[in-house]
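Just so it is clear, A, B and C label the chains in written order, and each chain counts residues from 1 on its own.
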Amino acid sequence: MSELHLRSATKRFGALTVIDQLDLDVGDKEFVVLVGPSGCGKSTLLRMIAGLEDFSGGELTIDGERMNEVPAARRGLAMVFQSYALYPHMTVAQNMSVGLRIAGEDKAVIAAKVAEAARTLQLEALLDRKPKALSGGQRQRVAIGRAIVRNPRIFLFDEPLSNLDAALRLQMRLELARLHDALDATMIYVTHDQVEAMTLADRIVVMNGGRIEQSGTPEELYERPANLFVAGFIGSPKMNLIEGQSDGNSVTSILGTIRVAARRGPVTLGVRPEHIRKGEEGGGMTLTGRVSAVERLGANSFAYLSLADGSSLTVELAGMTDIRPGADLPLSIPRDKMLVFDASGARVSTGL
Amino acid sequence: MARRIGQTETGGERAVRMGTVALFWVFVILSVYPMVWLVLSSFKTSSEMFGSAWALPKAWRWQNYGAAWDYGVSQYLISSVIVTVVSTALIVVLAAAAAYALVALKLRGKTLLYLAILGGSILPPEVALLPLFRTVSALGIYNTYWALIIPYVAFGLPFTTFLIRAYMVKIPLELAEAAKMDGAGPFWTFWNVYLPLSRPILASAALISAMRVWNEFIFALTFVESESVKTVTIGMMSFANALRGDWAVLMAGLVISVLPILAVFLVLQRQFIGGLTQGAVK
Amino acid sequence: MKASLLSRYAPYLFLFPSLLLLVAFVYAPALENMVYSLFSWSSVRTEQRFVGLDNYRELFANPVFWRALVNNVLYAVISIMFQVIVALVIAAVLVGGIIGPRQRTLFRTAFFLPSILPVTVVGLLWQLIYQPTIGLIDQVLYSTGLQGLSHVWLGEEATVMISVIMVSQWQWTGYMIVLFMVSIQAIPDDLYEALKMEGANRIQQFFHITVPGVRESTLILAIITIFGAFKVFDIVWVMTAGGPNNASEVLGTHMYRSAFRNDVSGYAAAVATVIFLITLAIGAVQIRLQRQD
């Protein structure tokens, strides 16, 4: 059982408030990903949980016990750092056993635990090497191994994949997911990469400006973003956002008019590139845009269009499309895929 | 900008290059010949030394060295070695500890504390000399090795702390944080992470400190008076006064007093220059 | 709670020995010295009499003090010429590619070597080199028929100071060359190459790239040089002890003689305070420059 609760967690650096009255609950064995743009406070929050930063206010409890004053090492946590933080002058085995050696653990116990972690991570052949002699992915695994050896209640990850190249990142992502299943452990993971968040998380927490914008499963965040910020942050390429006007009962924009009960005034309409269809079939709202650029990725393509009022629209097309820039492209958008955000940025229920 | 291979040289360029190289050889002679003369003279008789400055000794008089050694140079060397080793060890350990705290630990008023240490480097020893003389007397350490070691350490700390700190700043802070997560206290992290990782700069710092202590003059002139405690720099003054007239033996004594640092320098030239330049040019 | 108390104060424990030593043996004596300068006292008379600024009045009325100060300024000016300007040019030529890498290393070591010698060795060695008639210099002058230029280098008031100063240049110019070489080597190659593409010659490269590129280190090295010139003591004490007739007196030797030979400690403290104020001004500039980096 490992549960973690933050209540009104606050962090100030001088006059600057980095974390503002934040509440967060992490359940047992949950994989929670904190995601947000740089400077949103996600790393600071993780470091507060870890015990590397003090709280300016609020409370952290783990399994019901207040942790604010407990030193980092005695919170029962292990952290994997962005740079891996491996000691360059120690071997892999020594790196993995530092915590146990400091704790004065028995030599035989240490050896057994290191061997077990090495087996889990396929590091057995590398135990006597120094970090310099390892590849990026291997170093990453040693850093994780160091965490595993301590048998923590909760694993903390601070942007662990950001130093790896794209191919390795994919591989490590799969490995982390497998590890979460195998260890059956609670994990809190910080990243600025929404793809990592989408693929790894049981629950994603989107942060912005020291607050939580939305917390939910990847599906929830993708399908039903709570506000414009989440809508724009989750999904690649970004959701199309189009200015509109609400008269109280219906919303009018360059895309046409749909019936939505939104407060009178300016609104924003959102639709994901893959929900827009080529041609006029499908019975949604129809419009035509001029193609300004095309990116062909193989399995799919993206067309960037400009609309009559000068606003732009991204459309996902299947396969290697033969549409060229300059062409006029007729489109249709299913009404039920349309999201509406009011002037404050909050999503207006459209009956989904 | 090194010369690119395959670049051809015009006649004019060649003349410039030859001229420059020739000029530099003149500089080398100006720089080195006094030392060569010192070594050559140390093997001559005094009259031979002044009579034929450029000639090799007619007979290599090793006995000059024996005479110089017996005249007390050996005692000065022992004092210098003791003072240098103890001072250097203390300077490096204390400076490394201070640098570590300034870099890796949470401190209130870090900048102020750093300036408090760094500020010592702008105080010339002359300014503190008179009061220090009284302090040393009051502590009852006048005319002992400690009368040199303690002021050397105090005056050596600012620059050495600056040097080591500049290096430790480049060690990722995450290593200290990882150690903290692993339950390490500040002493463990200092001893097991920061010290081993700072080894190159510690070597340079030790070398520079040792060189400075070995060559120090004004404290050694003021705080000790017995021949048995005098270091080489001051000992050679008494030695020279005692030997007025027997120049060749004096030269031999001078050579002996230089040999230890010369040997250290030639072996560790790279670390030495590396450390100096890190400290001065940044 | 004991452990956490220890860990709370541990950071200060690391700094404590250093700070204690600095306060007790550097800062406190420097301040004490200022207090001393307001008293008339000596080591034979135990009683100290407060005299206000009398020591300073005496100081400013003493021609030897002014002689010493002028000598320090001369020391600084000549040191800047050799250890900054000449050293920079020589370093630029050494790095500049006219001289091959192996010769460069040889030259560098040869130039650097004098700086590792103890000052006593340098002083005594040059005393012999400067010996009239039999010393190395006069032997060279005589053998080249230039004996007319011969002097009692360290015995004549006109030549003694410059002779001592030149020994310092001999010892330290090479050291500064090495520091400048490192600084120049840190300038990116492509800056030179871009200028070469525009047809600039070596002298233009020196003024347009090298000089601006080492501006900051030059400033700091110049300050260190001036600093050294105002606190100089050892080489002068070894070679001339300020003589003959105070002709080679500098502030350091003036202070030392007053304190430990003439036993006018209050006056000596006043001289030391003047040295302190001069170096403080220089040091303030240095710290400001280093913190800008």
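Note that a residue touches a chain if its C-beta (ideal position, glycine included) is under 8 Å from a C-beta of that chain, and two chains touch if they have at least 3 such contacts.
Only a predicted model underlies this, so the values are computations on that prediction, with no experimental measurement involved.
Participant: Find the two chains joined by the most C-beta pairs in contact, please.
Facilitator: Here the largest contact count links B-C.
Participant: Averaging each chain's C-alpha atoms to get its centre, pick out the one most distant from chain B.
Facilitator: A
Participant: When you average C-alpha coordinates per chain, which one falls nearest the overall C-alpha average? Tell me, please.
Facilitator: B
Participant: For chain B and chain C, let me know how many angstrom lie between their CA-based centres, rounded off.
Facilitator: 15
Participant: What is the distance, in whole Å, between the centres of chain A and chain B, each centre taken as the mean of its C-alpha atoms?
Facilitator: The answer is 55 Å.
Participant: Centroid of chain A to centroid of chain C, CA atoms only: how many Å?
Facilitator: The computed centroid separation for chain A versus chain C comes out at 59 Å.
Participant: Among the residues of chain C, which ones contact at least 2 other chains?
Facilitator: 7
Participant: Send over the residues of chain A in touch with two or more other chains.
Facilitator: Within chain A, residues 71 contact more than one other chain.
Participant: At least two partner chains per residue is the criterion; list those residues in chain B.
Facilitator: none
Participant: Taking the complex as given, what residues does chain B use to touch chain A?
Facilitator: Against chain A, the touching part of chain B is residues 172, 174-175, 177-184, 188, 192-193, 196-197.
Participant: Which residues of chain A touch chain B in their complex?
Facilitator: Checking each residue of chain A against chain B gives 50-52, 71-74, 77-79, 81-83, 85, 87-89, 98-99, 102-103, 146, 150.
Participant: Show which residues of chain C lie in contact with chain B when the two form their complex.
Facilitator: The touching residues are 6-7, 10-12, 14-15, 17-19, 21-22, 24-30, 32-33, 36, 90, 93-94, 96-101, 103, 106-107, 109-114, 116-121, 124-126, 128-129, 131, 134-136, 139-140, 170, 174-175, 178-180, 182-183, 186, 189, 192-193, 217, 220-221, 224, 227, 230-231, 233-234, 237-238, 251-252, 255-256, 259-260, 265, 268-269, 272-273, 275-276, 279-280, 282-284, 286-287, 290, 293.
Participant: Could you please specify the touching residues of chain B with respect to chain C in the complex?
Facilitator: Touch list, chain B to chain C: 1-3, 16-17, 20-21, 24, 27-28, 30-32, 34-35, 37-38, 41, 50-51, 53, 94-95, 97-98, 100-102, 105-107, 113, 115-133, 135, 150-151, 153-155, 157-158, 161, 185-187, 190, 211, 214-215, 217-218, 221-222, 232-234, 236-237, 240, 247, 250-251, 254, 257-258, 261-262, 265, 269, 273, 276-277, 280-282.
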